[in-house]
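First subunit A sits with subunit B, and in the next complex the same chain sits with subunit C.
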Partner chain A sequence: MSTTAAPPNASPPARNAHTAEPTGATAALRRFAATPTAGPAVALLVAGLFFTLQSDRFLSGGNLALVIQQVMVVGTLALGQTLIILTAGIDLSCGAIMAFGGIVMAKLAADGTLPPLVAIAAGIGVCTLFGAANGALVTFVRLPPFIVTLGMLNIAFALTHIYSDEQTVTDLPGALTWLGETFPMGRTDISYGSVLTIALFLFFAYVLGQTAWGKHVYALGNSPEVARLTGIRTTRLRLAVFTVAGFIYGIAALLLVSRTGVGDPKAGQTDNLDSITAVVLGGTSLFGGRGLVLGTLLGALIVGVFRNGLQLMGVGSIYQTLITGGLVIIAVTVDQISRRRTR
Partner chain B sequence: MTTSTSTPVLQARGLVKRYGHVTALDGADFDLYAGEVLAVIGDNGAGKSSLIKALTGALQPDEGTLHLDGNPVRFHGPLDARRHGIETVYQDLAVAASLDIASNMFLGREVRRRGPLGSVFRMLDKKRMREESAAHMADLKIGLRSLTQSVETLSGGQRQGVAVARAVAWARHVVVMDEPTAALGVKESGQVLDLIRRVRDRGLPVVLISHNMPHVFEIADRIHVQRLGRRVAQISPRDYGMSDVVSIMTGAREADPVPE
Partner chain C sequence: MSIFRTRTTLSRSAATAAAAALLVAGLAACGEGAQGSGGDGEVKVGLITKTDTNPFFVKMAQGAKQAAKANGAELSTAAGKFDGDNEGQVTAIENMVAAGVDGILITPNDSKAIVPAIKAARAKGVLVIALDSPTEPRDGTDALFATDNFKAGELIGAYAKARMKGKQARIATLDLAPGVAVGKLRHDGFLKGYGIKAGDKSIVCSQDTQGDQSKGQAAMENCLQKAPDINVVYTINEPAALGAYTALKAKGRAKDTLIVSVDGGCTGVKSVKAGKIAATSQQYPLKMAADGVKAVVEHAEDDKKVSGYHDTGVTLVTDHPAAGSGAAKDSKYGLDNCWG
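Up next, the complex of A and B:
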C-alpha cells in the first residue's frame, strides 16, 4: 500500500467551488456547532456559570486545579475508552485493569526488589497485556466486546485482590508519587499528572485527527466491512486499539497511585462506568465512528465540575451520583434528538 | 471461444468454484474489452456474484485461469486485485459515513505530508488530498459543495458518486460496479448511469452487474448472460429485445451463436 503515489490523472489545480470554505467568525462558530463537541462545551460553560453564581469559591484557581486533579484518572481511562467506543466497541474492564496495574507497580516498588521505574513499567505492561487480551478475544475469537470485557472485569478485579492479599500498599518510593506533586503556575499549584493527562489527550487528538491510523479507526467504527474493502487491515487495527487502550489504562494506574500515594486494591471500582459516562457526555456515539477525544476531556470535566460544584453547595455525594446519572440520560437524549433532526 | 483480434483487458477461462456439492461456477468464461461497458446479468443463483468475486479477488476459484491484459494473474484477495488496477464499487454504498469526502477518496491510501511532518509525525496532507479529490470530482462532473462535509450528509446518489470517483481515481485497468443503482431512486440512478458513461469515455472499461434491464439496455455495449454457473451468451443489446434477453437468462431460449 503506497502512501505517496498519487492517483493517475491527478491534476493539482482544484476548482474553487469544491475547496472554498466559509470564512469568518460566524462561519467558524457554525462549523463548531456542527461538531459533536459543541454540546459538551456549552454544557460545561453553563455548569461553570451556574456554580460560579452559587459559590464564590468555585472559580478560584486552586479549586479548578482540584477539579482537574479529581478528573485526571477517570479522564485518562476515558481516553482509552474513547478509542474503543470509536470502533463501536465498549470496555467494562478499564477501571479493574487500572486497579490491577496500580497494585502491581505499587507492590513491586514497595518490595524494593525492583527499581521503581521498572516497577512502573511492569504495571503499565500488565495493563497493556490485559488490553491486548481483550483485543485478541474480540478479534480472533470474535466475541462481543461487552462480554469479553465483562469477564475481564471480574478477572482483573479478582487478581487485584489475590495479588494484594487485600492489603493497601504504602511507603511507596518517590518515583511512583512524583506525578502527584505540584508546581506553581501563577498562584495555582498544578500537578505534573494533570499536565501528563492533558498531553495524552492532545497526542491522541492529533493521532485521530491528523494521521491515517486515526481515519482508519473512524472508518472501522462506521463499518468494519467498508473498512476491510478499502484495504484497511481491520483485525490488526482493532487489536491495536484495544492494546493502546490498555497502555493508556497503565498510565491511568500510575496517575492513580501517584494521586493517592498508596496501592489500593479497592480503587477504581466505579471508574469502569464513570469512564463510559465521560465518553458519552463528551458527545461520542456508542455506535462508533463519531466523536472526538477533546469531547471526552470535556465530558470528564463536566462530571468533575458537577461533583465539585455540588460539593461546594453542600450536596451529599450520593446525590451527586444521582445527578450524574440524570446527566448521562439527558446528554444521550439531546444527542439522539439532534441526530434525528439532521438526518 | 473468442475469435476477436484485440486482447481482452480481463479474461477468464473455465472458472470452477464448488462449495461442498453446490457448484457456483461451472466452467465460466468471461471477456472484457477496452472501452466498453459490459453488463453481467443472470438470475439469482446463476453464479453472477461468484464470477464477480473471482474477478475481483474476493474468491479464489478451484479451477480456471485469469488473464489481465494478456498476462496470467492470480488474485489472493481483494487487495491483490486492487494492486493490479481492478477497483470495485459495491452496491451498499461502500463509504465511511462519518468521514469527509476527501478522506473517503483516500481511505486506505492516505497521502502524508512531505518531510519530517509526514515521515516522523505521520501527518496527513489534507490539503493535497482535498485538491486531488476536487480534481477527480470535477473530472467526472460530480458537483458537491464542499469536500469537507461528511459523507452522511450527502444523498444516496452523491454517495455513490464518491464511491465511483474513488474507484475511477485508483483503477488502472477495470472498474467493476456491483448493482450500483440498486439502492437509488430514479433520478439518482440516472446520474450514476451518466457517470458510468463518462468513466467509459475516459477509456476505463466497466463491468456492470445489474438486475435492472432498462438500465442494462440503456448503458451496456455488450451483455454477458450467466446461467447455471457459466456464460451462456454474449450479446449486443442492439440485436436483442429485453424479453429475448430475459428468456435466455431463464433458459427459455438459446442465444444465437456468439457474434464476435
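Up next, the complex of A and C:
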C-alpha cells in the first residue's frame, strides 16, 4: 500500500472504507482481506483447525480459555509495543519494565508498606515513569528508540534485582492475585485477567481507529515530517505514545503477578522479543504507520495456540520455538513483498 | 487504483494463508513422528526441565525417554526459555494438564514461585515429582527425586581432608549464588566433610560464581590476589572448577593446589582424568528421570503413590584415592556414567 501518498491523517481502517465498493458479500470479503489483520486471522483459523484434527482436547472452552490466559501478559505488553512500533519506534525494555513494576507492587503490598491497591498503583506508576523516560530521551535528546530502550532494559533489569534482593515475593494479598482467578461462563472458567486484556485491546482499537489522536499516531509513523507540517505536535505525541505504553506495561505487571501468584524478579526476560513477535505476526509493519492492535492480539494468540496445541500433541518445547521463528519470517516476508509490489 | 490495491492485499492474505497451510502440513508430518504409537490407554508423563539447552537436562530427558519406552508410557517434554523462567514452566504445567498427563516431573526454575501452579495440577489428580531441586516448601510436590547435595559436598570435603593430611590448609570456596539451597547444601557438606565450621580461619576466601566458568576464573583470580597461598579449592560445579584451574595455572599454582568439585558431567570427569580436578562427586540425572517415569506409571496403573525424598545416589570420582577418604571410583567408571 502506498501509504506515503495517503493524507497523513488517514489510518488503514479509514482508507479501507474508501477503497471497497459495497456490493454484497464479496465486497465484504474483499474489505476484510484488505485489512492487515486478514493474514493473521486466516493463519489462526488454519492452525486452530489443524490442532482440532490432531487432538480431541484442543477445541474445548476450557482449553481455549487457558490459551487466552497464557497470552494475556505478553499480549498486553505487545499492545504497548504496537503503539510504539506504529510510530516506527521499537521498545526492548518492555519486559524488564514490567518485571520491575511487578516486583515493586508485590513487595510493597506483601510487607505491608502500603495498602494493596496503593501498591498496585505504585507499580503501575513506576512503569509509566519508565515509559515517559524512554519517550523523553527519544524526543528531547533525539536518541534512537533502539538504543534508549536497550539502555533502559539493563537499568530496569538491574533495579529489579537490587530492589528484590533476588528474592521471590510470596504470600501476596488477594487484590494482587484477583485477576488470576476465574469465574464460570457456561461450563468454562474464564480468568478476570483475560477479560481485562480483551477490554484493553478493544479500547485501544477504538482509540487508534476512531479518534484524532489515533490517526495522528499513524501519521507520525508514516512520515514524521509530513505529520509535523500538517500541524501535529509530533514531539508531544511521541512522548505520549511512550508514556501510554509504559502505563500498559504496568497493567501487564499486574497481570503477571496475578497469573503466577508471586512477585518474580526473574520474570519477563524474553518478553521484549516475544512482544515484538506478536506485533509482527499480527501484521503490523516494523516501518511504522501500518497495522492494527487487534492484529497484535491475533499474533499473540497464534503463538499461544501453537504452544498449547503442540504440547497437546506431545511435541517438545524446543520445536515450539523453532516454529515460532518460522512464523515470524513468513509474516515479515509477506509484509515486505506486499510493500515492494505497491511501489 | 482502488481495485489494484484490493487485489494486492487479497494476494497478500492468500500468501499468508498458503504459508500457514504449508507450515501446518509440515507439522502434521513431524507430529505423527512425535506421537508415535500414541494410543489412549497409555500412561502419559510430562517432563519439565529448567531449560532445553543445559546438558544436565538433556541427559535427564534422555533417561525419561528410555524409561517411558521401557514402561510403555508416552512422554512429552517442555522447558523454561531461560534459567529462571517461572512463567514458561507454569504454562507448560497448564498445557500438560490440559493434555491429560498422569504425572509431571519437574526441575523448578523458582522453588517458591512454581508452587501455586503445581498445587493446581495436583488438585486435578496429577502426580507431581520434583527432580534435582526441591520446591519450597518441599511438600509442594508429592515426592522429590534428587542427589543428596549435602552428602555430595561431604564426600569431597572428607577427600580433601585426607589428601591434605599433615599440611596446613588454606581454603577457597567458589560458591553458587546467595539464597540458592543447592549451593548452600554443597558448601555446608564440604565443611562438615573437612571437619571445620563456617568461619574457620583456614577458609581464606569465598566468592559466588553462578556456576559459570568465566565467573569461576575471575573469582579465583581475586582470591589469589587476596591470599596467594591458597592450596585447597572447593567449587560448586565443574565449570567453576575449570575456571579456577585456568586462574591457578596462569599463576603457576595448578600443580600444588587441590581442586574438588561436584557434578560428574563428562567434561568434568575428563578433567579429573587429566588431573585438573582432583576429585568430583558425581550425580545421576538420568536415574532421577527414569525413576520418576517409573513412579508415575506405577501410580497410574497400580495406584501406588510415592512420597517424600528419594536419594538418587552420589559417587566420589578420583584417580588419586587417599587413605581414609572413603569409597571412591576411578575416572573410567566416571566416564561410563557421566552426563553431557
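Definition applied: the second predicted complex is superposed on the first by the 319 of 343 C-alpha atoms of A that agree within 3 Å, B and C clash if a C-alpha of one lies under 4 Å from a C-alpha of the other, contacts with A are read in each partner's own complex, and residues count from 1 in each chain.
Just so it is clear, a contact is a pair of C-beta atoms (placed from the backbone, for glycine too) under 8 Å apart; a residue touches a chain by one contact, two chains touch by 3 or more.
No experiment lies behind these values; they were computed from the predicted model shown.
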Touched partner set for A:A25, first subunit B, second subunit C, both or neither: neither
First, second, both or neither for A:V141, with subunit B first and subunit C second: neither
Which partner, subunit B or subunit C, touches more subunit A residues: C
First, second, both or neither for A:G231, with subunit B first and subunit C second: first
Subunit B versus subunit C as contact partner of A:A212, first or second or both or neither: first
Subunit C-contacting residues of subunit A that also contact subunit B: 1, 18-21, 342
Of all residues in subunit A, those that touch subunit C in their complex: 1, 18-21, 30, 33-35, 38-40, 42-43, 46-47, 50, 54-55, 57, 62-63, 66, 69-70, 73, 166-168, 170, 256, 259-262, 264, 266-270, 307-308, 310-319, 321, 323, 326-327, 330-331, 333-334, 337-338, 341-342
Subunit A residues within the subunit B interface of the complex: 1-15, 17-21, 210-213, 215-216, 218-219, 221-223, 225-227, 229-232, 289-290, 342
Subunit C residues touching subunit A - in the complex, by the definition given at the top: 2, 5-6, 8-10, 12-13, 15-17, 19-21, 23-24, 27-28, 30-31, 34-35, 38, 52, 74-79, 81-82, 84-88, 90-92, 94-96, 98-100, 109-110, 112-113, 116-117, 177-179
Subunit A-facing residues of subunit B, complex: 78-79, 82, 88, 90, 94-99, 103, 107-112, 122-124, 126, 128, 130-139, 143-148, 153, 169-170, 172
